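Quick notes on the structure that follows.
Think of it as A, B, C and D in the order they're written, each chain with its own count starting at 1.
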Amino acid sequence: MSRIGVFVCHCGENIARTVDTAAVAQECGKLPGVIHSVDYKYMCSDPGQLMVKQAIAEHKLTGVVVAACSPHMHEKTFRRATAGAGLNPFLCEMANVREHCSWIHESRTAATEKAIDATRMIVEKVKRNAPLSPIHIPVTRRALVIGGGIAGIQAALDIADGGREVVLVEKEPSIGGHMSQLSETFPTLDCSQCILTPRMVEAFQHPRIKLYTYSEVESVDGYIGNFKVTIRKKARSVDEANCNGCGACQAVCPNKKIPSEFDAGLGKRSAIYVPFPQAVPNIPVIDRERCSYFRAKAKGSTKVVCGKCAEACGKGAVHFDQQDTLVTEDVGAIVVATGYRLYDIGKDQDSELLKGYGEYGYGTVPDVIDGMQFERLASASGPTAGKILRPSDGKEPTSVVFLQCIGSRDPSKGIEYCSKICCMYVAKHTMLYKHKVHHGQATVFYMDIRAAGKGYDEFTRRAIEEDGARYVRGRVSRLYRDGEVIKILGFDTLSGEPIEMDADMVVLATAMRPQAGMAELAQKLSVSYDKHGFINEAHPKLRPVETNTAGVFVAGACQSPRDIPDSVAMASATASKILGLLSNEQLEREPTVARVDESTCSACFHCERVCAYGAVEHKDIRDRSGNLVRVVASVNKGVCQGCGTCLATCPSKSLELDGFTDAQIHAAIMAF
Amino acid sequence: MSTATAIENKSPASAGRFEPRIAAFVCNWCTYTGADLAGTSRVQMMPNVRMVRLPCTGRIDTAFIIKAFERGADGVIVSGCHPGDCHYSEGNYHARRRFAMFKELMNFMGIDERRVTFSWVSASEGRKWGDVVDETIERVRALGPFDDYKTLLEETP
Amino acid sequence: MNELRQLARKLLADKTVGVVIGYEEGQGAVTRPSFATSPEQAEKLVFDARCVQNLASYLSPRRSTVRSLGKPAVVVKACDAKALAGLIREAQVKREDVVVISVACGGVLADPRSGKALSEAMVADRCRDCDGAHTSLADHKVGQAKAPAFGSPKVDARLAELQAMTAPQRFAFFKSVFSECTRCNVCREVCPMCFCARCMADKSEPQWIESSPHLRGNFAWHMLRAMHLAGRCVGCNECERACPAGIPLSLITRKMQKVVSERFGYSPSDDPNVPAPTGAFRLDDAQEFIR
Amino acid sequence: MRKAFITQENLSVLSGDLERAGRKVVVPRPSATGRMEYGAAQSGSLTHLGGALPARSLKATFLPPTEALLRWKNAKDDVVLEPSEPKALPTVVLGARPCDAAALAILDKVMDWDYHDDPWFARRKATTIVSLACDGVDSSCFCTSVGLSPDTTKGSDVLLTAVDGGYLVEALSEKGEALLEENKTRFTAARGEAQAAERRKAATDKVRKNLAVDARTVKDWLGGNFEHPFFKLGSRCHACGACAAVCPTCHCFDIVDEPEGLEGGTRRRNWDTCQTSKFTLHGSGHNPRNDQHARLRQRVMHKFHIYSERFGETLCTGCGRCARACPGGMDLLEALREIDKLRRSSRPSAAPIVTPTNPPISGGAR
């Protein structure tokens, strides 16, 4: 016979205002098997927890029901208290009479009645609870970081410095990410490359970091502590071990007019190229789409068209016949740090949600550029060696108009979120422009200025007050080329007057979007993502760098628009989480996992077909002489995540899910 | 309708009105959390729902729904994560097939399918949860008590 | 007939199989399942329009007495082959563990006891939309396959009638037919796809399905049986044929077959490699009923 | 005992009279699924009582497929039991087949053996059975082999025999006499007795042609041949229990407790059958009747040996329903014929081997 204790919490006034907690305790006290039923002001307080502990000892309770807030809030608290009194923590459950009752109903009678019902259902469930013990699973004590931008580099370095091996995978030929493209950074205006490059080199040279550049994650199997990751090393066409980065191949490449991705299309590169001079590793890659050798081959020509790079290479490192290779790495934890891409304002959008901005002439009016292109113009290592020259004729623009919120905060274009960094980098751009073109006038069209952050508001003020940027609150409705200038038609919402002005150049602060292919990657990792493709954190407040899949963490702009300090902070946070995780040889997991009743399993393996984790295995049942009698399904407790889909699928009901067994659910319904 | 009348109407004590009993089977990660959010946001709703928390809609066996009717439920809500949001990646897709078949079966058996609400309510849709609850209650209230099912036992020859 | 016997004789004589599961003359004018374990017994085998039973049922692991006879060869009609494919698909039978003898079938009788000849009026309903082709599972084919030419299944007309009723009328209809159900479980026991060692309905802790044959238990049983067979039922209609109460079970199985076909594009297949629709999903499965 | 005559029309009227008098009238009539079954008469005309046997026997009228035995109520620390009163309405069965009526008399023995089955006897007592001499004999009938006949009077209170213009009526018991007396206006003087005798003999002869075996000799053979290879009967059996579901004498039941929420619940008894594996499955997983051969042997043994040993009655009326209902084409007539052949070809064993069943218990605890 069960000996259940019921503890009804007032939550101060939160529950007691609407629910007659004394009546709940009294009614539940009448239930068969309930031998102790009380109410108290704050069950989660120390005295409240002590009540639970004392009652367990005094009444030899076999189960505890706390009617209080959501189990998501305090289940851990009360299970800990239960364990503290020597009772298995899984014999404690919560009835939610706050979020699901007192807070959403006005009628005291109805709320009290509902609270009694809810508690009764949990009492009946708890009568069928079984003591459970945590599951121990071994841990592979190394980590994978996906993405070699500043977030990925930081995470990798922190984990490696903490003593664990890291596998860092970057899809581009070099690590560094977007930060390497930036000229200066806000709010200090220190040189982006100057602070980044040493970290890139450090990551490259770190004895505990294994770097895969020009590589992508092909597939991920396994589970927390035990991931098996397959990485596709794309064919670089250059032998990394032999290349010494001398650059002779690039010098002889006849195809030098390819728009450079690194320079956001403003500069040119060769078909065999290192993305930028400080690239890590400093090893070129052949762009097979653009290389004459490969293009001829793709067309079916048997003639060797070029091959100059291979001839020029003193080390014989150019290998045209290199193939993609797959390597597997065992890791215990994964960081997703894939960063962002910029919204492309043209009408042809990759997502049906996005509509594009035909009216801003990007791509048709040559002197309309985006923020990243401006970064490259302003960068000392950029195509203009740091001079602000407009793309159409190379003249120095004397009037530059900056448009904020291009895409961002515009639900009708499909992006309702704020991209967070644009206000700051636009302010930075106006300053960089003023510092380089002293007679120039920067004008900014903005919706709101969002400069929350240490030194951020001061920074935007400096742009306006010291560097004379003109900020106009309002939107631009149309812009077009008129001879040498760009005509701009807009509206100043503060003065309430239309604005018509000329500019030599227009810079669009386009929205931040997650990288292409995020949905596919998220599916490989079984992590959830929002409709834009940003990875969802496990909890927006309390678990900001974890994902819903144990062992997979998230850092930087792939989670939502982030600036550099945010990304770095997240990266260090993931590193800290992972170092904690990897500090153990074994992991403890909640024992809410499925198990098979082997005596009734009919081995149809429907469970195997529905299991998203591959947790169902085939198990041989043998007699004492070792002869195979039959095969049954068996659940790998380390892999099972406890969703219970197999239970509802099993025709013979031969599966159970600890914590949510059929008997428990049935009992709760019987108490309905 | 003024707020005061709205609240008055939500009280089961309202004289003479049929108060349906609704069982809800919800997943832990989306709808239960969404209902928590409804609570923290003080989204007011009618009190006729009794909830059973499951890890995932994938866990929800259609036997639960039948058992709820046997126990006197006038209506049932089944709710979980939106497609793509499942905490367990795929549980809700399997559940969706199961529910689709069950819904058609119920209809075929002559169980008014309006007695069962299937919904996707995410952890951020506290307001939607309130709407699903209130709409279901109103709909089932209009249908009246599920006497057809409740009297099956007595009607056995 | 000779071809079938000759084949059976050979399979038994050269010990390819331990038993040939086929049909033989029964008592009265009917035929019945036959288990020939010697070349001599192969002489008993017959096949004609009276051979209604789905012999694939005997390959289910629950039929331990049949399993003890050795490796089986089984005589299958086009419809039975789907059940065999189902057993292979669901890992109950290994393809290599059974020899499949496909017999050309031009349709079987709805009621062999009637003694009537096969005709439009007398044919079993499931034969009406059968293409009569030899199954691709066949190791041996006996006879020239021919498509039976009969009208569309009568069950579809009944379904349309039911669908035209109001929900309360349908509920009343099922109440009246389920009131005849004594929960003898014959429908389950003869079903080739009900192979579970322990049926969910026999699980007593907890008891989801009340075992008592009152209407409440009967509704639970028939609905959950329909759910368990949805996408798995091959439409052989053995349940309805065997039901001692004459409950029109094909209405339910056929309805679910249509639901599965319309929603998931799956029809019973004699190819074990065609995946069953349950245990699978598509990202774009219709969800018009989900708010 | 009284003899009389009733017209088809008056029989219909009688049915209405009985209903008006507060009796439940059970007749063969089309069921909800369209089969001829015993069931409550649809008020109004009785058309045709005769013809083929109803698909299932009369036993459900006395041993319903499910029946509440008691109800319980949960109190805080206690369970309160409330016995369930058996539903035993005053009933008249019109047109019972004599074999189905005989089955009730056979079952009375076990129902009053170690336990007096109140619900059974309450309904037996409240019911008057008017049988109709069988005119629906088909190739599966073998009542004559178990000591009965198409016009057997065993278990019946009144026997009707169809004759030109109506039925010859013979009262067989006090209940039968009372029925005739209470409704005497509907009856006239007996007539058609010669025609009745002729028809009854013709039916009996027809059954004899199906099978000519003596159940008593079958019993003797079974007594010594528990392990006989004959009992490898199970291959084509699906273990479905259709035979038991239609059988007039199979009476095994299962007792289940069905809770109604937390308040309490009902203890019920439901039909069961020895043909399924679960019937004898032990909690340990061991099953003493582990295959279908053993289960079919049990069925034959119980009907033709065990029951006879204990009660002096064969637990079979030869109605043939099992043979008609079996989806696998099993046939009890064939089995009995085979046993008879085996019996003839073997010498009677010197000392009968005692079958592994319990010795007969007389009286027993009430």
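Methods note: a residue touches a chain if its C-beta (ideal position, glycine included) is under 8 Å from a C-beta of that chain, and two chains touch if they have at least 3 such contacts.
Predicted model, so just to flag it, every value in this text is computed and none were measured.
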By C-beta contact count, B-C versus A-D, the higher one is B-C
The chain whose mean C-alpha position lies nearest the overall protein Cα centroid is chain B
Note: chain D sits from chain A at a C-alpha centroid distance in Å of 72
Chain B to chain C, mean C-alpha position gap in Å, rounds to 36
So, in whole Å, the Cα centroid of chain A is separated from that of chain B by 33
When centres are defined as mean Cα positions, the distance from chain B to chain D in whole Å is 48
Residues of chain A that touch two or more other chains sit at 599, 610, 649, 662, 666, 670, 672
Touching two or more other chains in chain D are residues 66, 261
Going by residue number, chain B touches two or more other chains at 61-62, 67, 71-72, 84, 90, 94, 98, 156
Given the complex, residues on chain C that touch chain A span 61, 90-92, 195-200, 203, 205-208, 228, 275, 278-280
Within their complex, chain D touches chain C through residues 31-35, 37, 55-56, 60, 65-66, 139-140, 234-242, 244-246, 254, 256, 258, 268, 270-271, 273, 276-278, 290-293, 323-325, 327-331, 333-334
Listed in rising order, the residues of chain A that touch chain D in the complex are 30-32, 120, 124, 599, 670-672
Note: in the complex, chain B contacts chain C through residues 61-63, 66-67, 70, 83-84, 90, 93-94, 96-113, 117-120, 132, 135, 148-149, 152-153, 155-157
The chain D residues in contact with chain A across the complex are 74-77, 259, 261-262, 285
